[in-house]
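In the two complexes that follow, chain A is the common piece, with chain B as its partner first and chain C second.
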Partner chain A sequence: MQAAADTADPVQALTQSGYKWGFATEIETELAPKGLNTDIIRLISARKSEPAWLLEWRLKAYAAWLTMAEPHWAMLAYPPIDYQDLHYYAAPKRKPGPQSLDEVDPELLRTYDKLGIPLRERAILAGVTPEEGTRQVAVDAVFDSVSVATTFRETLAKAGVIFCPISEAVREHPELVQRYLGSVVPTGDNYFAALNSAVFTDGSFVFVPKGVRCPMELSTYFRINARNTGQFERTLIIAEDGAQVSYLEGCTAPQRDENQLHAAVVELVALNDAQIKYSTVQNWYPGDAEGRGGIYNFVTKRGACRGARSRISWTQVETGSAITWKYPSCILQGEDSVGEFYSVALTNHRQQADTGTKMIHIGPRTRSTIVSKGISAGQSNNTYRGLVRIQPKASGARSHTQCDSLLIGDACGAHTVPYIESRNASAKVEHEATTSKIDEDQLFYCRQRGLSQEDAVGLIVNGFCKDVLKELPMEFAVEAQKLLAVSLEGSVG
Partner chain B sequence: MLEITGLAAAIDGKDILRGIDLKLPQGEVHAIMGPNGSGKSTLSYVLAGRDGYEVTAGSARLDGADLLAMTPDARAAAGLFLAFQYPVELPGVGNANFLRTALNAQRRARGESELDAVQFLKLARAATKQLAMPDDMLKRNVNVGFSGGEKKRNEVLQMALLRPRLAILDETDSGLDIDALKIVAEGVNALRGPAFSALVITHYQRLLDYIVPDRVHVLVGGRIVRSGGPELALALEADGYAAIAAEAA
Partner chain C sequence: MSAALAETAHSFLARYEGLREHLPGDGAARQAAAAAFAAIGLPGPRDEAWKYTSLRPLAEIAFHAPLAALADPHAPSALMPALDMPRLVLVDGRMQPDLSVLPDGVRVSGFAAAPEFGALPGAGRDAMAALNTMLAEDGARIEIPEGVDAGVLAVISLASEAAHHPVDFHPRHAIRLGAGARLTLLELARGHGVYLHNPLTELHVGAGATLVAVRLLEESHRSFHLSGTYAEIADGGSYELFLLHLGAGLARSEIDVTLAGRGARFDLRAAQAIGEARHGDITTVVRHAAPHCASRQSVRTVLDGRARGVFQGRIEVARGAQKTDGYQMSQALLLSPDAEMDTKPQLEIYADDVKCSHGATIGELDADQLFYLQSRGVPQAQARGMLVHAFLAETVAALPHAGARELAEAAIEAWLGARSA
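Then we have the complex of A and B:
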């Protein structure tokens, strides 16, 4: 993300070829030995000075993982992952738990500067609306396995909002973590969630107490740096009765020839009348044009609308990763609760994405909206996979799905796999899907007006994604638009 | 000055243009008239650089520059504007954003400074006012949900903002009622001057009551079979293309 002071010409940025976040940081790293076993899990837990209950929890998850098999139902093809050939803990070498930014390694701060992430408290993300003046965004930054800095904590604390690394929350707010951790995504939920539960190293924790509207956007930047390292972050967001919070995450990684594994778990809990808006701009390294390298992204994201009239909204722009396996979901338990999923998934070259959502309607009059825009280019494959389930007690439930695919070129694939299960006759479930190729007439029209081929494609694709992009907080929407154009470079001959 | 010499073009191996010679001096407006299938739209697409048309012979130069060697966007930056017979819809793309992107792309290509949002909006509002278009036309998505008349007016709006050296109007009058026709004609006439030339492609004489051409060319079977002054359009209206074609043959 670019800071406001950076007025770099977006067009110039677009013409820079390739993945511009692909640099690696030379920094001393503490690495656990390769491999996964109970000793490694004990080591992670010890490094984080965790209480005994959490170590037990991890070991239980590990035991479950050992009995499970990697799922292969998704439309993804990749060589077997050797889980023993990875480091499960990597940390920038320094004394644990930075107290202030002054204690953070300057090399790390330079890395985040390069990424344009404003760690310093006065920095503001790009795209500030003039009428609102200075807009503040609190940032947590996770580098490999640890959180390196969290900003604006004092301001947030005054409002009663807790925003900190989850490892710190375990120490400072154990009762909250123990009550909610694994309550939405249980340790044995699925193969990758079990793996994450066993070895998660850091991530963000957000708690917004009853009746509080979080005074600023919360944001976490995830960066994988170390070689042969998995990143397993865990995020937990709790909004009590009437609370509201908007959270955004951004992800990048260095350009490396080998694949890196990322298996995160995100849990959201919304109580009565609470609202959680969770936005993602996922731009992990996608691999090169021949499909070498790139992140394997196996992520479990789920939100529980536990309270009446609660609302959880997922917005994602997925342009990175060699493999994406991700289905941000909503459990609509509270009556009149609302789940939303807005997604743009773009694949180019040899990227593969299998992504979508699950909307589980349990309570009466629950509502869900799904808007999915898939763009496939190059030789990539892009699958929308979505489940809408209406449980017997969900009288008057409503669900609407709009699922559009856009193909660029003739060597890519787009697939739509909707599952609809209704066990209540009063529910209304709608599904609309379209697939189209990028239109030659549209391209020619734009080029006749003076746009280059790439700008024309960028404009048309951004228009195609408009319904999703408008759901993003403004500073991210601007960034996402540029990202879509960059990701499509070289996709049209 | 647009100079077309011996231009021949084919689609899917089928010859459509069979040797067109045309000189359009700067500052003049010429009309091209012809029956359906005579190659009028093909001529406009070939000049604008649309894919799928194979130029088999001849040349087209705009102010000496070889148009046929340029990409469509380079032709646009060189000052060529095509008002489409069927303007294309761009869902999700705001009209103002589209226009500013296009204008700035052309300005950049010509080494001129780009306009910021405020400068652009000022310019755009003045142009919509002149064309009696409501301001919300700028906010709507490009041509999406526009009536036929609105689409054509939107083409003229784009032309007014991009200020081309050469405008090609491909049957811009088709589907327009008389009021819309007058607005479109006024838009073209407002641009007339020593630095502007236009090729007005039309089926009917009606448009030429409002945009009075310096010359009229009759296109039949991929060739210009006759050229003359504005009175030629009237003769065509009275006698029909068949008579003119027979006379020329």
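Then we have the complex of A and C:
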């Protein structure tokens, strides 16, 4: 193939450059001993100065976890995980409570700099009134397990929005945390959620009070840094009546040879007329071309549309991780509530992704939209697994699923496993799925107009994903497009 | 497995232990099947393939072996359709030479006379298939020699209620078409009373051969129909199946097709019409194991009363099965607020130069279409009947054999008539 010959060299150069975000930060880290037992849980709880009820809650989750078995129904193959061979707590050593960015370890700031987080920039801009209409982004940066710095706290506080590390929320707003924590994803929900509930070390807490539209996009950057540490994020977002919030989550992790375990839990609660938009760009280390290393990502994300006319929207661009096990879901309880799921999952080399969503229609006239785009290249496997369930009381419910897979190369796999259950005659459920390869005609057309093979594939893949990418907030849309092209390097030709 | 299901499974195993000396054919194959069945047991809701179909009602019934010989072999004739064509008749799973009319140019025998278990992929993994292998006593063996056009042949399975207590039978059918052969097969299942009909059919369609099968299930509303069809299609062969689920208290048709040769083809047009508290399940696996194969599946389900409909369909495309064309569509109409439809269409694809798609819809009758008919003076009840009929009849409209088509249409009419009555 002529095109292949043309692009072989630059492609090779690009792939050999390796994982762009693969660096390790050398700062002192405080590690708990390896292994998981009630002592470790007590240690985590003590380090975080947690109240007694939370320790009880953790221990209950741990007891549940001990009785559960790791799920193996997903189309994922990986060696057994030794849960006793992990550190469950790692915190950067630092002076207690940095009050400003200047007090933050400069090594840490450099790490973020390489990641391109506009932390500094925002700090410099502090005090300058932003122009009308320009958007601000508040960043709650998570470095391993402890939130290091939070910006724009004051602006948010003025609007009544609480945006802080969850450990801080436990101290400052215990009544809110106690009321909502575990109310969407109970401690014993599934194996990984139970594990997370027992050992979570940090994450973000967002509370948007009644009638408030959050004045800026909220964003968190997750990084996994220390060797052999599992990362167990816990995020809780609550939007009261009429509140609106858009939350962005981005992930990159340094290159490591050992597989690292990540089991996060995200809970969203939307009350009457509330709207929550949760966007993710996930670019954790996927392992090398032979499948060595990479993050194991077992995540439970669920939103409860508790109030009437509430809306929860999940948007995800998943390009990283060696193993992805993730099903952001919506429980559509309030009448006329809306759930949305927009997903791009790209796998290359030996990555495996089993991802999708669940839409549980409980209330009348609830609606859901699912758009899933899966791209498999190399020797990877990419599975869409979804559930649409219409309960008997969901009269007039509507659900539409569009699920497309694109195969690049003849050594990868693309799979679709939707479950569609309807128990209400007046509900209308539609599902469509297609699988195909990149159209030769489209490639030829682009090549004929002078695009390189790489650029042509990038263009076509971006077109394939357009319906999802357009749902991303502006800040992420550009990064996501670049990420898709970078992740596909070396897969064409 | 629940205690009740375990007990039922145990009773089948005990029956096998009692009969094993007298059962025809390869004892080792039966023993292996019995060991597999003892290990898997009857599937429960935790078995992924049986997620939506519960065998609990089966465990509430004490089944017995059917009578060895019928007191009056012509008694079930009342169930016989008026058919002017060669036919093989089985009553309670046993071949009835007196009721059968053998065709020319076709080698036909009973499983009891020539017991042979095939070795088709997939047949060994399923509990019901293991149960069949363990207890099979008789069945139809049909062989069409190379290049022969055998015309049309009916295989009629009747349940007689002669024993006056619930019976179970597990016929083993084998159908083999030589290269370039042709056959139109009409498969009918009817019966009275409470029984379990668990047939297993092994199908070989030779290179360039064509099998058109029309399967009409009009089993008793108190019966269980759990069937397995394992087919292998060679180069350029074609298997076209029209499947109608109109009866049985609990019906499950498992269709497992391997497109083994280049250019092989499988077409499924299926319809289920289920009312009251009955249950219908069509489960398909289509394996594209060779390049340039095509499969088309269309399944339509109409549910009334508290009925529950299930469609599970998986298309597997093996590495190297390039130029595959796979299509699958499931449409369901819910006519009553208490009906339930569960659909699981699956794609499992390991080749890149393929075109595979599936679609699924679940909803009620289209309000605009109803309005259109009513605005032209058609009363609502009649208009609904017309739309349901149109939805189902499309499945059989393409049936190439006029006699089979009429039979299928009459069965649909009868179902609709019973519904509105």
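Just so we're on the same page, the second predicted complex is superposed on the first by the 460 of 493 C-alpha atoms of A that agree within 3 Å, B and C clash if a C-alpha of one lies under 4 Å from a C-alpha of the other, contacts with A are read in each partner's own complex, and residues count from 1 in each chain.
Criterion: a residue touches a chain if its C-beta (ideal position, glycine included) is under 8 Å from a C-beta of that chain, and two chains touch if they have at least 3 such contacts.
Nothing here was measured: the structure is a model prediction, and the numbers come from that model.
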Will chain C clash with chain B on chain A after the two structures are superposed, or do they fit? fit
Mind working out whether A:Gly463 is in touch with chain B, chain C, both or neither, as first, second, both or neither? first
Chain B or chain C: which reaches more residues on chain A? C
With the two complexes superposed on chain A, say which partner A:Arg447 touches: chain B (first), chain C (second), both, or neither. first
Please indicate which partner A:Thr416 is in contact with in the superposed arrangement: first for chain B, second for chain C, both, or neither. second
Aligned on chain A, what is the least Cα gap between chain B and chain C? Give it in whole Å. 15
Both chain B and chain C touch chain A at residues none
State the interface residues of chain B toward chain A in the complex, per the touch definition above. 48-51, 71-73, 75-77, 81-82, 84, 87-93, 98, 101-103, 105-106, 108-109, 141, 158, 162
Quick one: which bits of chain A touch chain C in the complex? Just the residue numbers, please. 73, 390, 392, 405, 407-437
Under the stated contact criterion, what part of chain C meets chain A in this complex? 48, 52, 319-320, 322, 332, 334-364
Which positions of chain A touch chain B when the two form their complex? 11, 439-442, 444-453, 455, 459-460, 462-467
